[in-house]
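Both of the next two complexes hold chain A, though its partner changes from chain B to chain C.
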Partner chain A sequence: MGLKQIASETVTSSTAYVELIGTTTDDCYMIVVNGYIPTSDAADLRARVLESSTPNTGTNYDRAFMSIRTDTTYSNSSNTNETYYDLTTAIGTSTGEQMNGIMYLYNANDSNEYTYLSAENVQLSHTALLIGNQGSAVFTSNSQVNGIRLYPNTGNIASGTFTLYQIED
Partner chain B sequence: MSNLILIDETTVSTPANSINFTNVFSADYDTYCIQIVGSSAESSAANNFMEMRLINSSDSVITSTVYEWEYYYARGFSATYLTIGGTARDEFSRLYHDDDALKGFGNMTMWVFNPFQSDSYTFNVQQAAGWGRDGASSQIPIMQKGIGVLKQESSITGYNWFNRNSINIANGTFRTYGLKVD
Partner chain C sequence: MATLEEIKSSVRAELQELRDTQGIFKQVNKARIAITDEDFEQMILDKAYYDFDEQNNSYKSARLQQYPPVVEFMEAYTEKEIGEDSTKWDAYVVKYNQVRTDNPKPSE
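So, the complex of A and B:
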């Protein structure tokens, strides 16, 4: 098993979104987010799938996540029929605050199946609270997905490296 | 060729209370994967675990309370899951295991983010599967899923695993990979 880089973008100045395109086989794909910092304090990182490189904005996103955090016991959250995947919890912009994560995409290329995502993320929130959002999500449409858009719910991306890998034989 | 590059592979052959893995993090990569396969302790104990600390560019193990971590911790003898960890910790991570004579192996995959960058905190996400006592009288399966951070802007070049209860680490293969961005 190996990881083959398909797409990567490093953001060093304010950018509205990043698109990672190239899920063109039936393999599993891995997305690595390294050092994501939003321009706006307490912004989330969201994702939408791309169909023919166009983001799907319909109510097709379901998710179930567990938040591990240092201030209290873990909490669970779930949503159905949203218009995006919500991947994080109010990321901060002060010293050291950022988000990192590993995500996997399944069945993206198969036009007869839903597209699945699993994630394990770690972040320091806008109060410097350590939080890890671990969970999964489903894009509930039988369609061919060729990539993913990552964007903040408010403001822009200030910095970070976003990379798509194909998990291949 | 894979973008996941093996940097170091160390198999413990002589039991030791503390093991350093130096010069594994560098400017070559920003994301790393650490895999631990079959770690075990030299003797059995309830709540038997080894802990991880980071090593700075002066080759010093960081022992102060500048870490935070939290685990979701599931145990095979109880439907009650725990979260353990907290703030102001003096370790970056923890892996439960036990005596290999009792099949007390601990196994972990950890992703480490931005250790070498001197202007960034160092983060991890990890998940682990083990077999240990956890206060029970017999061995039980243990699952960990967690996160951690070194809340210090410093350049980290390696890591250390140790047992603060003076029980030696007896076995295990430790692999460190760098994830290349072309």
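So, the complex of A and C:
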């Protein structure tokens, strides 16, 4: 068992979308987000699956997340039938504010199964508040997914490194 | 308040200007390339829906983040109901109302 790098994109100037393509086997895949900073303050990081390298924008995304916070008790958030995965909350752009995290994709290549995602990430939000997000999501369509698109809910990606690994048996 | 169609129109103008003057790019296969027209239309929709939701609902998340902790509510309520001391409850009510005043509904 080992990690095989499939795709990696490093953003250093304003970029609307990052696409990681190559979930072409039935293995589990791992996505590492390192140092994601949006161009707009308080922007989330979202994702959509790619089918034949085209993003699916249908109402096929369900999610359930818990946010563990330093300022108050934890909060839960969940949605069904959205048009995207929402992976974070309100990331900041001031010094030190960013998001880092790991996501796992399951069944992406299998056209007979939904594509599942689990995620955990750490962020300093736009008020320099530490939040740890732990959660899960599912793309409720039996289709073959060959990658993922990552993008902010508003503005662009200012910087960050986004890498897709195959977890080989 | 702006309608969704009004917001779509203003977002289209804003993003078209950005596309014309600075370009809008995506990064894939280690290449930085201009987004397609299809991507651009989706970007307009995504931003318009986001802005529309912010206009109508951002007060809810702001209130959730600013309300006093649940433990504070429990302690204040319990002391009032069981201990017959409303000091903490009265302070909690002031904080609660301040959050709602600071983050009004768009129609208020």
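Please note the rule applied: the second predicted complex is superposed on the first by the 169 of 169 C-alpha atoms of A that agree within 3 Å, B and C clash if a C-alpha of one lies under 4 Å from a C-alpha of the other, contacts with A are read in each partner's own complex, and residues count from 1 in each chain.
Operating definition for what follows: a contact is a pair of C-beta atoms (placed from the backbone, for glycine too) under 8 Å apart; a residue touches a chain by one contact, two chains touch by 3 or more.
Predicted model, so just to flag it, every value in this text is computed and none were measured.
Visitor: Should the superposition on chain A be reported as showing a clash between chain B and chain C, or a fit?
Guide: These partners fit in the superposed model.
Visitor: Please work out whether A:74 is in contact with chain B alone, chain C alone, both, or neither, and reply first, second, both or neither.
Guide: first
Visitor: For A:65, select first, second, both or neither according to whether it touches chain B, chain C, the two together, or no partner.
Guide: In the superposition, A:65 contacts neither chain B nor chain C.
Visitor: Counting only touches as set out at the top, which of chain B and chain C does A:139 meet: first, second, both, neither?
Guide: In the superposition, A:139 touches no partner, neither chain B nor chain C.
Visitor: I'd like to know which partner A:18 touches here: chain B for first, chain C for second, both or neither.
Guide: It touches chain C, and chain B stays clear.
Visitor: What angle, rounded to a multiple of 10°, is defined by the Cα centres of chain B, chain A and chain C, with the middle one as vertex?
Guide: 100
Visitor: More chain A residues touched by chain B or by chain C?
Guide: B
Visitor: Touching A:9, do we find chain B (first), chain C (second), both, or neither?
Guide: After superposition on chain A, A:9 lies in contact with chain C alone.
Visitor: After lining up the shared chain so the two structures overlap, which partner does A:122 touch, if you call chain B first and chain C second: first, second, both or neither?
Guide: The answer is first: A:122 touches chain B but not chain C.
Visitor: Taking the superposition as given, does A:130 touch the first partner, chain B, the second, chain C, both, or neither?
Guide: The answer is first: A:130 touches chain B but not chain C.
Visitor: Could you say whether A:36 touches chain B, chain C, both of them, or neither, answering first, second, both or neither?
Guide: In the superposition, A:36 contacts neither chain B nor chain C.
Visitor: Tell me, in angstrom, the smallest C-alpha to C-alpha distance between chain B and chain C in the overlaid model?
Guide: Least C-alpha distance after superposition: 12 Å.
Visitor: Would you tell me the residues on chain A in contact with chain B in one complex that are also in contact with chain C in the other?
Guide: 8, 73
Visitor: What does chain A use to touch chain B in their complex?
Guide: So the residues of chain A in touch with chain B come to 1-5, 8, 10, 32, 34-35, 66, 68-70, 73-74, 95-96, 98, 100-102, 120-122, 124, 128, 130-132, 134, 161, 163, 165.
Visitor: For chain C, which residues are in contact with chain A within the complex?
Guide: 22, 24-30, 32, 35, 39, 42-43, 46-47, 50-51, 64-65, 69-71
Visitor: Which of the residues in chain B come into contact with chain A in the complex?
Guide: 1-4, 30-31, 68-72, 81, 83, 85-87, 111, 113-114, 117, 120-121, 123-125, 127, 145-149, 151, 153, 179-182
Visitor: Under the touch definition given earlier, write down the residues of chain A that touch chain C in their complex.
Guide: These residues of chain A touch chain C: 7-9, 11, 13-19, 21, 55, 57, 72-73, 75, 84, 153-154, 156.
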